[in-house]
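Can you keep this structure in mind? I'll have questions shortly.
Order of writing sets the chain letters: A, B, C, D and E. Residues in each chain are counted from 1.
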Amino acid sequence: MVKISFEKLNSLFEKISEKYDLFVPTKKNDGQSYFEKWEQGKTVSDDLNTVRSAKDFFFPQHEDIVSFKLDGKNIEITDERREVRPFVMFGVRACDVRSFSILDKVFLSEPVDTFYKAKREKGIVISLACQKPSETCFCTTFGIDPTEPEGDIRAWKGNDCYYLEGVTEKGNALLSELSLEECDRTEVDAQIENTKKILDRLPLGKLDTDSFGGDKLKELFDSEKWASLSESCLGCGTCTFVCPTCQCYDIKDFETGHGVKRYRCWDSCMYSDFTKMAHGNPRLTQLERFRQRFMHKLVYFPANNSGEFGCVGCGRCLNKCPISMNIVKVMKTLKGEN
Amino acid sequence: MIEEVLIPKLGVVTDIRIDTPDVKTFRVVAPDGKKVFEHIPGQCAMLSIPGVGEAMFSITSSPTNTEFMEFSIKKCGCLTDWLHHMEVGQQVTIRGPYGNGFPVDTVFKGKNLLFIAGGIGLAPLRSVINYVRHYRDSYGTIDIVYGSRSMDDLVDYKEIINEWCVEEGVNVHLTIDREQEGWDGHVGFVPNYVKELGFDTNKTVIICGPPIMIKFTLAGLSELGFDKTQVFTTMELKMKCGVGKCGRCNIGSKYVCKDGPVFRCDELDELPNEY
Amino acid sequence: MQEVMKNKAKELLASGEVRAVIGWKKGEFCYDITPAVFTNAEEIDNGFIYDDFCGANLSKYLIKEAHKDGKVLVFLKPCDTYSFNQLLSEHRINREKVYVVGVSCDGKVDIEKIKRTVGDGIIALSSDGDKISVETLYDKYEINRADALAERCVNCKSKKHVAYDELLGDEGEVLDSKRFDEVEMIENMTADERFEFWRNELSRCIRCNACRNVCPACSCEKCIFDNDNSGYVNKAPVTSFEENMFHIIRAFHVAGRCTDCGECSRVCPQGIPLHLLNRKFIKDINTLYGDYQAGEDPEARGPLTSYTEKDPEPSVVTDKE
Amino acid sequence: MQRIGVFVCHCGTNIAGTVDVKAVAEAMKYENGVVFSTDYQYMCSEAGQNIIKDAIKEHKLTGIVVCSCSPRMHEATFRKAAQSVGLNPYMVEIANIREQCSWIHKDMATGTEKAIILARTAVAKVHLNAPLTSGETPVVKRALVIGGGIAGIQTALDIADAGFPVDIVEKLPTIGGKMSQIDKTFPTLDCAACILTPKMVDAAQNENIKIYSYSEVSGVKGFVGNFEVTIKRKARFVDETKCTGCGLCTEKCPQKRVPNEFNLGMDQRRAIYIPFAQAVPKIATIDADYCTMLKTGKCGVCSKVCTAGAIDYTQKDEFITEKYGAIVVATGFNPIKLDKYDEYAYSQSKDVITSLEFERLTNAAGPTAGKLLRPSDGKHPHKIVFVQCVGSRDTRECGKSYCSKICCMYTAKHAMLTREKYPDTEVYVFYIDVRTPGKNFDEFYRRAVEEYGVHYIKGMVGKVIPEGDKLIVRASDLISNEQLTIDADLVVLAAAIEPDKTARPLATMLTASMDTNDFFTEAHPKLRPVESPTAGIFLSGACQGPKDIPETVAQASAAAAKVIGLLVKDKMKNNACVAHSDENMCNGCSNCAKVCAYNAISYVDKEFRMPDRTTRVRRVAVVNDAVCQGCGACTVTCPSGAMDLKGFSNKQIMAEVDAICK
Amino acid sequence: MQVNEFKPKIVAFCCNWCSYAGADLAGTNRLNYPADVKIIRVPCSCRVNPLFVLRAFQRGADGVIICGCHPGDCHYTTGNYYARRRMTLLFSMLDYLGIEKERTRVEWVSAAEGAKFAATMNDFVATVTKLGENKRLEDLRCKK
């Protein structure tokens, strides 16, 4: 374990920035935090989570795939993939870090998504342990330990310094490049113990997942509770877009006036046109679309990924849903607790 | 850079055949005149006209065709409209092959096969039919029940009459929905016709057509004593990526584009009824 | 108030006068309230709530609910009744199928504002007159209710119900609000400052469509942004223009129809002050064509579907100093 | 995918002088969808048109772009050419490379570059053009004229003469209108009755004309070519088919004290009456407000004296419905009420009268049998003051801001006639301006001043004070800048005229637009002055604006000509470029109907299958192709984009924008 | 003379009855105005959807001008009154967003005002040229 004092943080960031694009959570004037490219003067926000999840780094909302030029009957195809500059993300929380492994299961399974893979390979994740979890946090439900997050390097914020610990090869390599001061775990251990006590008091900490999983497909799918759960859903994409694990996308063409750009962008299964075809739509009503989203996270994803759920309990949808409907309410209602 | 599945290849339309008033069959090769890629019967490909759209179509030609691929496409939307207006020589973009395809070399091997198709539903089956015809010795009897609204709506009529009907060991049963002048074949809906024909249950069934036809034919087949494990079908849902990632073509935990489009009917029973 | 409302709902359900009740339902915490349809007394007893966090405007749900058989009761706050009227004037709601109960409102609280003060981990919250006591996992706080009020409530335009079948609580009045002050402040910036201001705000847009989907005026059968044929489909914010375009078009489509209910800003996950776009149109309409409050009178003709021969020329904008 | 042909015209050197037409034609060959591109000296010539026709046939073109002069010039030519070889005329687009390119640019490079962009823009549009066909609606060959004054009569006569049936609806028991109340007409001073009554008789006798007197329009449905009008025939308690107009009943009726509106209440008539001797139809009418029999059930004198047995006390209002192809509004005018003009003492003194009352006082059939006598005491007035612009050009609320146009001339007429008949009478005319634009008008006015010695005084009358049997008129002379006081015997007020009160509700029924003064608006003030913007509605006479008789008659005949032009058609070709609403996207919000100037949009409740397989009834807009003029106001007001305009669709215009900005 | 390389792209929407005819008249009278102006013919100024204006800017237009009949003279009687309100509000909104207000204009040009049409275009092009490229509303994807 190494540490870096707050005073020296800037010079550390400077050093990282020489070889990498460095991103840190920064408070914007709307009072919320966003990952922004670090530059002199930017400080790391203490907020628990950024508004947008960290999935943006590997799976941005919009990316060009390919472009075409049409000339009479001929088409010219240009690969729009660009070299990715190595980058470091500092201060990713445990839930978001876990989301990467969930996204990996989708994008790195055959056939591999090269856009995602390129970024994943070039990105180094420095996670940051949580000290003051929020009432909306329920990552522990999914076996995540916010006091000891995953990532390439994990960090803790101490009283006057950050403690860093290499986790992966990639992380260790970076740490060795940075040559920081070695230290012991005393403060970290104390902090972990302290945080764990708070975790025990979290209102959603006791949420359990026994009623969900790949084997519960039929009974959950046919539950009559979906009707009342979904009735006030607006069908917007807020939950999807702030969710660190939602990865549905759309492929669209844009006529630029001198060619066609084909891009991929986030899509939401909550949208009415998500599965709409020229001749019909298998998910006709919001009920079906609403059900799809939660079934995906709680049933289909575990069915395909040896029981792992497609949710990391970050609580963003709890904070952001315009009508305050969210996965926790869905889980509790399906279990019959609400 | 490594190949990216979402980036398509070029194809050239070298022949366009008008099958029915709303179905055309397009022959596609790579610009160098070779096949764009190899496939197994029942697999699909994403065809696209940039700026117009991209959609999944089943490959109707058999993999045994070493020169080109064919797509029988029914006019039903913006992209298909555009495709129908194409002329020979037009380039399109193509990527694939996608999906699991029919188990022609495993489950179907040595079996008696019964193909049941309605309307444009023949398109994905044609690939299998011609494949098993090519490797005729590896399979048992072949029965084909094919029906359409009218005589004019029978896809591949020429090939059916000139090749399939005359081939030994291949029994073709054609039907149309309503009486029509110049038609002396069977008249009636496919499900009823299947029951009328009363097949032995020692067959593996491959079925494709409008959902309503499939529903009633399955009922008819089970009356005849067929088990759902004997019946294969191919599904169609909205697809974007073709590789099971974009998240829209799932039925339960299965992605039609990756885990399908071919399903055994008993497998479908395990999935939620959302298709 | 909440009890009176519950009783009213149960009474009308019991008498069979209404088939369902649209109201607000308790959440997991003290602030995450969900609009809900209640169909029996039990549901109402268990879940119905009316408190500081019942900000959601229920009028839009009537488009769907009032198409079903039977009558539906809806609770509307003063500002919601304007939306209701506007929807009526656009024939989106069948008036006969709705029983409107107006409920008084002394402003709703914005949980984001509270969180900004007390931080994360809110586990209990109680309101007592002018003060709100908040208990978090880490500390206890007492804040002024006035400081926690949502922006739209601070600048409340009216406490008067413009449509109802029955009123619970006291009727208020149309207020002389300061809601245009912020618009004016932006107007007074230089063009460069304004551009910077809006770029900073709009560039955060993630095109989640929450603003559109919550908006009572955005109730098109098919939105042009969802219609591949419209030429305006673009699912993601792509370049600087995209966000501008989406929000300008949306604001223009609701211009003259927007009642300034403020739901767009409430639901924006990115905290973009979208109401400032709508209010700009309202302010312009008021100054250029005379005061007009959408939804005030369902019979009134909207400012963009009427004209006078003496309307000012567009040069009032393009030639102004 | 379209197969597009591009044809670039040289227009001699008009285009070729500053645009390299060959280069334009060449550049177009590479545009998407263009399969043929050429240039020619004069595309509009027969040879040029043949090039286009041949190319359409040979290359199976589905759309063409002609780069030539303004579409306002030859769009029709090229459309016709395309149509002659089977290409839908709306698949033709014009790139205006003459007026908007070659003629305004001096150097070849600039001109050519712009011409290419304009051609490309037209190609982009043609890609999205769709064949359009104008709808056709059969035309009901019958016209309705609302109002039976001189305007209505003239219009009806002209239409009838052309062989079309026409109905006149007149709210009073007789046709004739205001002109029947007038004594003489300016500037010729011929007798109004002498020229009007023969026309009334003509109308009555014309077999193509049917007169619904004592009737009103109570409902209008339909649209141009196909109106369905409900006419309320008010009960007159006299069987029209039996009454011979002998007039015996009107002499025997015991109820004698009914104010006679024909003489503006200056004398009395009976409860059963014929308005005047030459009334058409000459049929008696019972005034239900005064008839003792109808009010109390006791009397029945008329019934007893009527040998024809025409009296029917049980008659009820009757509604008939008739179909018409065109409707002419000829509802005329009325003098305004002067009760708000206390300064002229109109309400206080019987000897302050309006000009129309003056007409009756000088008319042989009037209350004084043509002798000019004061209403108050029947004495001959020796000093008469005429006041002009009473309520006209008056921006106060009680007045009218417009000029009533006819007052200057009739006042001159009155003054002149008075001086001629009664040379002992002094006549003063107070005026703001004397307006005499018209044939022989100014001469007429000058005669009044110069030959007849009428005192014309520029200035307004401030007050009229009844004093004894005199009327003290206080006025200012603006020229000498003096205050005048005249002790007049009679004061005649030239009251402003305003549209008849029935016009406003009628306009609502017809959905014809009106101005703020309730005059009907014309489709175009210069180019379509006798048509309402609402198709199939025509305007005749003073309902459109103040007019004198010759102007009224001229407009009446013009309206008739327009009606005839419409009725000779068996079918009406509708505008092909009309709005169209996609019912799947329509919200039914009514905004489009609100901005439609033609009332072409209506709403129907339609049942839709919902995605969840239920059905839902939704209100959706429907555009009437026959009425839509294709302005596109509705398309912009529609938030969902359900409303689009054929020929100028959203996508077409956006494609043009894109092509220009490329 | 200052050499200005920048050639603005100007989209002019002209109503068929007045302004398009006015533009024709300018041509007939050989009144010069810059070739940067390209005219789109619409039936009436009320056909111009504010979305078209935005579209033009997105696609790289540097200025958009809408011409119609003078108020009161609309061929369709009231069309331009609606256009006037719509455009006033749109322009005001663009201004509010910090878009240079000089890039947008509405001008009433009758069929007889060929000279006014040419003068208007000359003036508008000069104004837009001075402003330079439209950067605030452009869509980068549409850039060459």
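Everything below uses one rule, namely that a residue touches a chain if its C-beta (ideal position, glycine included) is under 8 Å from a C-beta of that chain, and two chains touch if they have at least 3 such contacts.
The shown structure was predicted, so the numbers you read here are calculated from the model rather than taken from an experiment.
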So which chains count as neighbours of both subunit A and subunit E?
C, D
Please find the path from subunit C to subunit E through touching chains that uses the fewest steps, and give that number.
1
Chain whose mean Cα position lies farthest from subunit B
D
Interface with more contacting C-beta pairs, comparing A-C to B-D
A-C
From subunit A, which chain is the farthest off, judged by mean CA positions?
D
Taking each chain's centre as the mean of its CA atoms, how far is subunit A from subunit D in angstrom?
70
When centres are defined as mean Cα positions, the distance from subunit A to subunit B in whole Å is 39
Indicate the whole-number Å distance between the mean C-alpha point of subunit D and the mean C-alpha point of subunit E.
35
Can you list every residue of subunit D that touches 2 or more other chains, as numbers and ranges?
595, 637, 650, 654, 658, 661-662
On subunit E, where are the residues touching two or more other chains?
50-51, 55, 59-60, 78, 82, 86, 141-142
Junction residues of subunit B - those touching two or more other chains:
78
Interface with subunit C, subunit D side, in the complex: residues 584-591, 594-595, 603, 616, 618-619, 637, 639-642, 650-651, 654
For a test of understanding, state which residues of subunit E touch subunit A in their complex under the given definition.
59-60, 141-142, 144
Residues of subunit A touching subunit E in the complex:
254, 256-258, 261
Subunit B residues touching subunit D - in the complex, by the definition given at the top:
82, 85-86
Per the touch rule, the subunit B residues reaching subunit A in their complex are 1-10, 50-54, 76-78, 80, 87, 89-93, 237-238, 240-241, 243-253, 270-272, 274-275
